[in-house]
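Structures for review follow.
Here come two complexes built around subunit A, the first alongside subunit B, the second alongside subunit C.
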Partner chain A sequence: AALQGALRLQVSAALKEGQVTPTELCQRCLSLIKSTKFLNAYITVAEEAALKQAEESEKRHRKGQPLGVLDGIPVAVKDNFNTAGIETTCASNMLKGYISPYNATVVQKLLDQGALLLGKTNLDEFAMGSGSTDGVFGPVRNPWSYSRQYKGKSVPKSHSEDEESNWVITGGSSGGSAAAVSSFTCFAALGSDTGGSTRNPAAHCGVVGLKPTYGLISRHGLIPLVNSMDVPGILTRCVDDAAIVLGSLAGHDPKDSTTIQDNFKPFELPNLTDVSKLSIGIPKEYHAPGLSSEILALWSKAADLFKNAGAKVIEVSLPHTCYSIVCYHVLCTAEVASNMARFDGLEYGHRSDMNRSTESMYAATRREGFNDVVRGRILSGNFFLLKQNYENYFIKAQKVRRLIANDFVKVFGSGVDILLTPTTLSDAVPYMEFIKEDNRTRSAQDDILTQAANMAGLPAITVPTALSKRGLPVGLQFIGHSFQEKQLLTVAKWFEKQVKFPIIQLEEVMRHDHNVFQHQKSASFS
Partner chain B sequence: QKVTVEVLDHLERLALVDFRDAEGVERLQKAIQFADQLHEVNTDGIEPMDSVLEDRCLYLREDDVTEGNCTKELLKNAREKVEEYFVAPPGNIPLPKLEERETFLRGS
Partner chain C sequence: VLNRRCVEAAVMTGLALNCIINKKSLFDRKHYFYADLPAGYQITQQRVPIAVNGSLSYSLCIDNKMSQMVTKTVRIKQIQLEQDSGKSLHDDTRSQTLVDLNRAGVGLMEVVMEPDMCCGEEAAAAVRELQLILQTLGSSQAVMAEGQLRVDANVSVHRPGEPYGVRTEVKNINSIRFLAKAVDYEIQRQIEELENGGTILNETRAFDSKLGCTVPMRDKEGKQDYRFMPEPNLPPLILYDARSLPANMNHQQVVNIDWIHERLPDLPSVKRAKLVEQYGILPEHSFALLNEDGLTEFFENVVKQTQMKPKKVIGWILNYLLSYLKQHSLTVKESPVSSFLLADLLNLLEKKEISSTAAKQVLAELWKGEGKTPLEIVKEKKLELIQDEKELEQICQAVIDGQENEVIVVVRG
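Moving on to the complex of A and B:
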């Protein structure tokens, strides 16, 4: 029960009372990482460092002086956050072997709270993608592919290819983080969210995925994709845990001038019982083409849930929703073109042997270091930024961005507290099916429900809601007012309690590592 | 409206990234086609938005040196260096022209 479904709060209590030690917890997680290696969720596992951190945490606990709720808690970090002394690759050849000299602010904050950094998780190369399939270390497998609940498996003959080829994707680009949390190898993970990269995989992997308001959490040390939209994302197994992690990460950072200077007060989530004062908006445009009838039904059921509990549920309109993907496409590629310019082989990362001239060395380095997706976005971005195109594409997109942001302002200004929408168009698709379409097409399809929140900088959270007919997780999304994370998470927590999403039953793991689960059954923490 | 070879060549020089093959060029064409949908939106009188935090003042700190002196750390990640310098191949040499460099575009 220590790993399975237990609220991290409960684990923290267990650590405090000495029922389990940080080292034991750490070892269990490390062992589970090994036995779930086939998921390919981790790029780097920092075993020694984590155990050392566990030792330190243990000393503090023995003295009765834990640093806080996160002390001794194993966490994982997406591999596009700089981590001192640990390789940071962004799943790209460009940064293979790159050992950062510093910790991203959010990483430092976690470490300062005593969390144990288990390792760096897998992603799409440079966080570009919605499947976590396009990194140089290979795709991440959704742990639910190996659950008793998944009905897409063929009859297992042995460890035959049939079973292997039916595995489903995690979604992306923070797929490794989502898989890591979903398979119990850590209690919380950091992802990043530019167009939905934390919420999408969270929904597909049955975990909570929080995208904070832009400007709330520091981006210092997060290798940037789109400076005006990127945010660090939080993935956990329950909403309360997300609130705790948020509490330890939010706040002004002098090293990131785009973080707001308002004082941030960490909060505990109340147990909401009366939703009658809530106004829930259902944006009709989120009934997007391609939305599965299953998810549509779940969304409707959720709306009814709120209505029956006394909340005001109304249909609203965000008329420019259908343009958010196009707008994102232009703004993203433009900012990417600029942000990727730093990779030239001189100061860090891959460097080509070509040395005829600086320009040819840069060109060769970038030819060798970036995959098709990254190169494609850089070239598109440069096209939109050409003098002859600047006004018609880049500035135009910036104007459309304002229209999208204004849509939300109007709706929230009319008295709506929270928006309720689906997170994804369908449940996770099998890998073999996913790769039939190219990255850009996939991203355009998959980001449609999540992207607008990034455009407007609003906080959004996906909560695991139910299993699909195929036995795979489906999540629903709540979008809130700027910097009103407390209200957003309070409503999300209420919803989470109502839906009682099932715990994943990982049979593959049980087969591989019987010991881990045996121990858990005897320890009771709730 | 197809993108001309001149523009493709220009992009390769600006980005210092190559199209690699026909698929790369096709990818750009599709990206432009996709982006053209933006022109359906009426944006008369709308100001471009740079940042969602445009109504706030950006944080400026005091111009005091609070950290640094980490030359060794920073040089560790560079492949070619001499003393405290990053070493680059000779500069001021433009990328070879389309006909003279190894690029897929050469055949077009």
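Moving on to the complex of A and C:
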């Protein structure tokens, strides 16, 4: 069975029928990880543990008792989820070498289903950033940088630049997870999404990125960035796979008081054929400054696709969208300042050698442990939380947040089922260009299309749509009603089927697996 | 995650203290850096606490003889739920601090009183009554020495008719006795300071039990900005009563104020009133009974097993049993004399088989805990009251005969 293009169900079926064993699957992924090391997608690879899990899975399959569809399936987890016995660093000096004593709830759920945990993926330090470039282990490289599609289109520069420096970013902050899924080293990966951190890299890496409704999936064990906006994100190669993973993760967790109590029923996605009853909203404010003409055209084309298929496509307005960046900035930095207070070097993580006094030890530890992005946000956040500023900044921002959320309530209340928007302003930029601006500027620019969904707690998914002129992936985003993931994913799946996004042609993968094109189920069409 | 039992304890305590229970209360983060605060913030209820506006009634003896009691009231400002920090043990000799994080995060209930008390005695009496209430409710075992009940005193002085003065906060008070001492010392200190033309600083002071005085605490300087922020991981706490409880709500998922109210045990004040009514003892006696753990039970057990009137039994309990226990630092549970034995003894007295002097001797013997019954001791020491008149006459005659000179003196008048 091929790694490429294979849908989970197919692989599961293959495992079930013994066409391939979990151990073989695991070994292939591990060896692919090794040969794609230059992507820097993984911080830690848990080879021994994964092979052991594969062995257990094999036993179960031989007995004809797989735990479920995920049994034996290799997955990767972003390095800000706690994993027992495996290092969790958040790509920060502060947690280098930190080994958690417990698994995050979502990690435990995956393991309980028999999934094989291959390793922890790279990210921006503490998930702050939109490029996966600011972690302490270095930037993640977009696999598409090495694809035939991109290399074929890249124009040789006047001053000699070798292939090395032309690589493009993955987007962030869950860049490692996106790259891992995109380069076939795993079938699904967990990311986190606070302002777009799962959807942004998913779009840039040509994979599906799902941000579930806030409160649907437990955050217990996810090292928090912004408690009121964080959600675990799901990255897969197709929408059906995302639905499967969602089904195994969603549901109330007594350890997370922000998860809803209602019973969650995992669902199978129907194959939608008739979209005439759908109402698709196109929010005009998402025609944001800086949106590339290419993506604008693609967005338009997608709207037409729905229209031509019989759906009702209307322009809608989310008037407070323009305030979301500053609002997000205030609330995000305030919560960050609070959440980072626990890193004082006393109980775990890095501790400075400075020991003149407790205060000086705190200061030195935090200066040494955090990069300047983190430190900058902590300072801002503390400023906004000062007694004299609280009313003017924090409370104001909360009010604006409510207005932004109400924009969606109004639009969804008027009969719109799904919103269709771009996910990113452009395709992935080359690393050398990206780092010319600082993290704060980049985040402010790149988050504009994704962060409102976090403010309102709504589910959103990015689906790979087409390749850009430069041969890089572009995704489009669907935003749905609260807790209506089934409808959201059903529409996304229909769209996915229509656009037939091409499979990445990565030499490493092709070298790896000769059977690739023979088992390709989806015809590629760019 | 919120601990249900803590919420129930806070509601119970709020109801016992006549508070308004807020059906919706909120949680906040209070930020500061300290070695015993691992998260860098404490979760508390700064904006809207769980209970407000209550009152606590307590009694004081006017003189020191427990013969005249007055009832006073202190208003309860609020009760809030919060997290405990860890414990810091300062080792100044080695310039280090040891931090014990075991209790960090454990739920605390803070009861805030209004400044309605005027001296150490009142403070002590109020806290003592609160302690009894908490123990009766089961909210806390409230033993100060074990840190189960921690008391910080806020003290200020002012001239009659003038507004309240600047207050200081006194910490490190480890017993009710020390509370009274600390408050009185601080009052005195402040008066002296002001009369000497000085001013009172709004500071935190520690009570030094060895020296019996308060000293400024070196750690806390200046006003801290705690950067309060709503706790994002704890949704607002909603409590229900019989009226507001939705029909299909799972009983285990909610806390019902009325349900708790119906199950409140008798508060100390009610228990005392019942004792006075049922047994005809004095109010002071009821205070003494409730003040000692297990004493009420002991008393009631003795009353059940003896014909002696409770009004007389109480004397034996308070004057002899209690003082013996105190002398030997024993609790009622550790008493070598059980209620059964005492009842037995009191029965002998009641039946006039022994005199009260003899009874005291028997009691002294019983304390040794050698397992002998009162009757056995009486027989052994020949303490029986002689009922036979003839025998008595003989004894008296013998005494008189043996003391001829004294007799002559007495007869002469």
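Heads up, the rule we're going with is that the second predicted complex is superposed on the first by the 495 of 526 C-alpha atoms of A that agree within 3 Å, B and C clash if a C-alpha of one lies under 4 Å from a C-alpha of the other, contacts with A are read in each partner's own complex, and residues count from 1 in each chain.
In the analysis below, a contact is a pair of C-beta atoms (placed from the backbone, for glycine too) under 8 Å apart; a residue touches a chain by one contact, two chains touch by 3 or more.
Predicted, not measured: the structure shown is a model, and the values here were computed from it.
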Which partner, subunit B or subunit C, touches more subunit A residues: B
Subunit B versus subunit C as contact partner of A:504, first or second or both or neither: neither
Contacts of A:466 with subunit B and subunit C, given as first, second, both or neither: neither
Touched partner set for A:335, first subunit B, second subunit C, both or neither: second
Touching partner for A:254 - first (subunit B), second (subunit C), both, neither: both
Touching partner for A:228 - first (subunit B), second (subunit C), both, neither: both
Subunit B versus subunit C as contact partner of A:86, first or second or both or neither: neither
First (subunit B), second (subunit C), both or neither touched by A:390: second
Which of subunit B and subunit C A:359 touches, first, second, both or neither: both
Partner chain in contact with A:179 - subunit B first, subunit C second, else both or neither: neither
Doubly contacted subunit A residues - partners subunit C and subunit B: 228, 254, 257-258, 261, 337, 344, 346-347, 358-359, 362, 382, 386
Parts of subunit C lying in touch with subunit A, wherever the complex brings them together: 1-2, 29, 31, 33, 35, 38-41, 97, 99, 101, 225, 227-229, 232-235, 253
List of subunit A residues in touch with subunit B within their complex: 98-99, 101, 214-215, 228, 252, 254, 257-261, 320, 323, 326-327, 329-330, 333, 337, 344-349, 351, 354-363, 366-367, 370, 372, 375-376, 378-380, 382-384, 386, 392-393, 395-403, 405, 438, 440, 444, 456-457, 482
Subunit C-facing residues of subunit A, complex: 226-228, 254-258, 261, 334-335, 337-338, 340-344, 346-347, 358-359, 362, 382, 385-387, 390, 394
Subunit A partner contacts - residues on subunit B that touch it in the complex: 3, 7, 10-12, 14-20, 23-24, 27-28, 30-32, 34-35, 37-41, 43, 46-53, 56, 58-61, 70, 73-74, 76-80, 86, 88-91, 93-96
